[in-house]
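In what follows, a structure is listed as structure tokens, so that the remarks can point back to it.
Per-chain numbering from 1; labels A, B, C, D, E and F assigned in written order.
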């Protein structure tokens, strides 16, 4: 039977420059919709799971357009609330070559920030749910979204529903100290953690003497997993050659083993959402396969191919993802 | 010597649909900048006056783009402050034929709402100023912008600088009662009032038994002018045939005389900013001519031609405006 | 409780010229999806009914895009089959002023033409169904689609489900004689007939001596309704001023009474689908109101506003439709 | 056998604004090719005649693009010379409603201005030629183009080839006095004259006491035809309602008879080239029919439909033109 | 004297995504025309040969547009037939980086598939013809196109006209077995064969023990050439780094000698038609030069530069091609 | 206090192809404004200096648009004259990968070529000026622009204003011999010379036996600097991998020392104006810093980032430039 996944997060209107224009030379913005957990939800629906997102959008045509976007990719919108005044916005100037991308957030006081626990029947939402996912961004948006996140995670624990958390630390949204306080509070309810080793060091305060990347994983991840009782830690490694060229690979830690994906050299069309494609890639393979090697290969290839797709969502297929990691081409060093 | 004009108002980012798309079918938004008093300032600079706007924009690339827009049309940006977080936005779905335009405001807590009187040296600003203009929109945005408007109007009165006020009532921004309270407070400092007769009835509480438009003017305007000591009342009359076809004319009340413009039948390209083009048209002709017939013809033709120009500003020339009202064509009933 | 409606018809890929280009000057085609019954289904979902379409699309990305389109507007796609080779196409050159629109069909042997009765569980489909709709186009596409249409209509009759049929005669698809043979076969199962009086004369062979339009209705419609046992006959009247300007009104015949809508003068953005917007407008008001005057006003305003909306579907709201017929503006002769 | 027509004129690169932009708001120009006699040549090829143009373009990719344009519509390019430095340019800002179109010429010293008589073998060119056409624009561009025009006209006279001349007076290119001097010199070699009655008065110095349009024709045209020995005089009458709405009709004078076309009310997409479509419409019908009523109807309908087609050329078909004047619709007053 | 070349093949309407969109995110398709032998014909006309294509297009505006395309690049359209119902279509999603291109064919029952031998006067067509070219695609489209291909090839043999055949094997169009049966039947009439060594192994059943590429050529090509009496075998070698980066070189086998081109590293704009640019590059240099080194360099550079040009045709010049292979830059390993 | 810089040069209208189109496939041109010294002026204003350009544009809307462009980026337009007939044009076909860019100049007899010394009050212009910049292009456009350049340079020398000259040799504009004659005449008045070592050899006739690049600098630059009394020689080195990939670095010679920048590997979006971004980068850092290492790093990073920005101007910020050369990324060989 098809798995049910629920994500909780802010729907954002993305307004991005086009044709290599900068913000100050643009005469039009391309319209996309996104948001970390929204992207995960869309990607999972696109891959065929029963995907529900909990969010809130204003009761106007911008809000309606964002809901139509969800529907068009098969996301179930039963838990999408309407009300409040505005949809959060982020402006994106796509970088290229030596010029970095720029993001301007205009998301304060969005409809989602004002979502009330009372608007939702959480027990009904979690009925038959196989997995719940949320990221650090939702923790930081408002007190309401933090409390809601925590409550759902706790209920999942009670109901034995797998929980997934992506640290998703953004210095534009909170300080390391603020992040630590909030994140530590919810980690006890997390089964699968998406994070980089620097998150463990900078946010959670772990230390290591390891001098290379693999040793760092081997040293750090068992300690982290033990302390927070994570069943899986999943990390991506990005080597930035330029704004339009990255090398990319992923690793998975589970039961004291580390599983590595292939590494990809990527010419980037749109990097935004590649982290969420990594997350959704892992969650999909986690829910449909028991093979940790397959899972991490799927996660990495899912993220890699996202870089070639315009918009926040990973509008690809299971076949394209599998072909990518099964193919001989594209791997660095072949 | 060239006249100096100062306007005070909010800079808005306009995001408008294109190619007859609706909000829910749009894949891109066209970028324009506008705002009632901004438009008046741009139009006057475009016609050759020394035009300054007082406003505030965030210190990011969206703010910079808006300032570049002002500069490109020759507006002096010495009184443009930077700071706070966001530029106000309005989303515009252009209507056509039987389908009306739609506007969604997302302008709460904009940089301009947070402008402080301390940021400005008003005495210096008003030095050599010939005319100051503000509209009802600025009165309603925040307590700060109301107080600033009032203070500048008072100072103008002291310094014998002509003041101009456009009622510009928008039911989306405030109620009639709120409007009345704020507007009445500043009317004593106003020389030139841009308003419709319905504003006098609905907001200021005047009454009339007149049964046609011209009688209404003749009955109402002398009473209004007397009570508030207006030197000029300037009104436009719009007859809406459809969202893309309007009839349009203007009248001027001065010293108990009423001056009428020609009436135009207009196929509309972009109606937004036509009211500001009417205002700027009158202010330009007021500052450059003593002929009331010329002034109201110029105001009406300025507004009429604006409907054919994309964006908020009236990017036309004095010659085009004069040719329009001097030409035999285009008048209804010729 | 929300009403369930089922329509049966071909999904078409529409490739239309833009920016007033002709076919021979076009460098790109805009992509839309449509088809008579598809449009009715999308319009009804957009207005909030539980709308299902029965159709078949190829198992490729063009087919997937068409299904995503249905989903985005809330159509339930449970009865959309995949298979066969191709999606039917129609090329559209939008006319304007003195230049007429042009349509080139390339829909032979489409996936829908090859739909098999065995692919569908018709009893399950009709469970809880309130209304079934099909048009003459589906009758003509293939023997399979004709037989399927007839079977469903018969089952509806047995199950007491209201049936709706739009004659939708297209001389490019079949001759009057072919139309007559097929249509007469299914008319016994039809409750609501959408047709013009010329359809009754040319296809069904009725005659009248009436010399004006209203007399024609009064003479002809009772005879037609009696012979075929129609509960409702709904007709639209279009007066073509030019390719971009039409006058439009509708009438409803029910229980020997004729109900008339307002007449609209329309500047046309996209006329395609206005007939389907008329149909869906009537069906929506039929299912949600008992007032025949409201129903025909809703149908006409629904069709009228469609002419201003790009694409095949009537992406408007109940409020916009009601505002249009309740407003004083826009009616001819006001 | 298919008729051979030769025209002589300048190829121009047209750079036009789009989406209702003005010159000062444009970020791109649409590319078209045109020129009075070029348009006539393209239109005649498009209608199926053997059409040759004599012109000269620079030996660069802009020149090549212009030649490909000719070829794409079936014009024979055997007499297109290459050399010199630049292609003439005209910038076009499309007007709409109350706002007039603007044209900026940048055509000085173009390749065509520098065409040498020696580059051409005129006797070979005129072999089997049925009609030669040139307009006043070519007379004014340079001494070389004037001399070439005159020489070819003279040779036509000797060879009994029908000649056609369009006055095409443009005040931006020459004064009335300059026009008179040049035009009078070539009129003796002209069989068919395209001109308005004002050309006869202002340029040729004719006078009339007639007080309405038809009387003017009846008084003036016999005198003009007699003096210059014109076989046909063909005139169009344009009533400008606005920049986007014109009324239009044509008349033909031949053997002391006046033939009138229907009058059309036109919503304008692109007015440029409508005069050339009038000319080519007449020349086509002149060469393929003996019926003066058909000829003038064809000329007028050809011009009328051109207003709905983007670009300089009249990319329509004989069928569309005939349908237009045979249809009941579209005529004013129906 | 200019050489006359005739090709036989299907004209296709190409509808391709733009701006990195996928099929399911596209709102418009770019319009191009192509088809293997059409491309060869256009490329040769563009290089200056007298190029004729034999094809058939429907008698509608899509067909007309495709013929105008041929004319615009100087192809002679005397042998283009009109009739039947539809132009074949292929949808193209351009890949990039890790994401491969996708092609969806919708070409069944196209006008060209229905071309009749009786529609053509083959003897007249072949008069003065220097070379005839066809590819495997034409063999597979229909029985009619196969028989026509074979007949013309046979007639060429009789008339001593050089024949050229490109294997062009596409697994979407036929199986290896089907290909073998048809191809073997026409090989006796072929002088120049464009194929890869895998075609010889997989389709023709040759075998080799060679373990590297060059040995394979040396072993295989003499055997193939001998068996089928080929005068020239021309092959390209493509090394796919990613969907947007390929390495490319070509080899020529003639009289037991192998000639190699430079190898190019290519950043790809549009790969479609690069094989046809290779073919046309060789055929052009074959017909205009005797130097085998020049020929294969010209073929390879022609194909290489095609990858940078949008659309199916190789719209470059002889000079650009020669500059590319004469330049020091661009070669791998410099 | 902010530094005042004056540049002298031609304003050009740039018409460039888009979406990888070639000239012969383009349907629109993107509009930009540029010109060597114009670009330097815009870049310096954009970085915050008081930047004035001396130029002349026609008194039409194309001219106005070009002046608005200057204003929008903060350039002072007090010394921009209007008059004469035309703005110079250059057509740009952007190259990519193996296909080179193409430029077609159409700038003969531009308004700037006709600028008169009498139109300018040079003493007033040079008041408070810190630096004057001109390039070889202005020397070659007309006798008038040469004389004007020379006069201003001489006046600068008298007034002790720093002068900067960019050789900017373009073989399309003059021969080496012509360049030499003009350039040598003005070199005595130059303080800062932007040139490559090949300019010194080919134009000024210097010789060297050095066999590598660094030795060439060491040998040649002291001799050149001594002979012409240059205070600074600034050179860029470009290694062309393909039309879309270049390696780039710069060196500075001052007081017998050579300072080198980092080398960048650049994926090119728009190479035009990168030389002017190099010049403006150096001039900005020269006027705001005393550190030669900082100056040459700033110049190189300014040029490098320009390659990623569409249009002629370097619309970046001081922070982005500094971040680029301070960052570890992007340098070749890291």
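The rule we apply is simple: contacts are C-beta pairs under 8 Å (C-beta built on N, C-alpha and C of every residue); 3 or more make two chains touch, one makes a residue touch a chain.
Note that the structure is a prediction, hence the values are computed from the model and not measured.
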{"item": "Shared chain contacts [subunit E and subunit F, defined touch]", "value": "A, D"}
{"item": "Option in D-F, D-E or E-F whose residue-number contact pairs overlap A-B by over half", "value": "D-F"}
{"item": "Selected pair, greater C-beta contact count between B-F and B-C", "value": "B-C"}
{"item": "Inter-centroid spacing, subunit D versus subunit C (mean Cα positions, whole Å)", "value": "46"}
{"item": "Averaged-CA centre spacing for the pair subunit F and subunit C, given as whole angstrom", "value": "63"}
{"item": "Residues of subunit E touching at least two other chains", "value": "18, 22, 24, 27, 68"}
{"item": "Pairs of chains satisfying the touch condition", "value": "A-B, A-C, A-E, A-F, B-C, B-D, B-F, C-D, C-E, D-E, D-F, E-F"}
{"item": "Of subunit D, residues touching subunit E in the complex", "value": "68-69, 71-74"}
{"item": "Subunit E residues within the subunit A interface of the complex", "value": "19-22, 24-25, 95-100, 240-242, 244-245"}
{"item": "Subunit D-facing residues of subunit F, complex", "value": "15, 18, 22-24, 26-31, 60-62, 64-65, 68, 85-86, 89, 91, 93, 102, 104, 106, 108-109"}
{"item": "Residues on subunit B engaged by subunit D in the complex (per definition of touch)", "value": "18, 264, 266-270, 304-305, 307-311, 315-316, 320, 324, 329-330"}
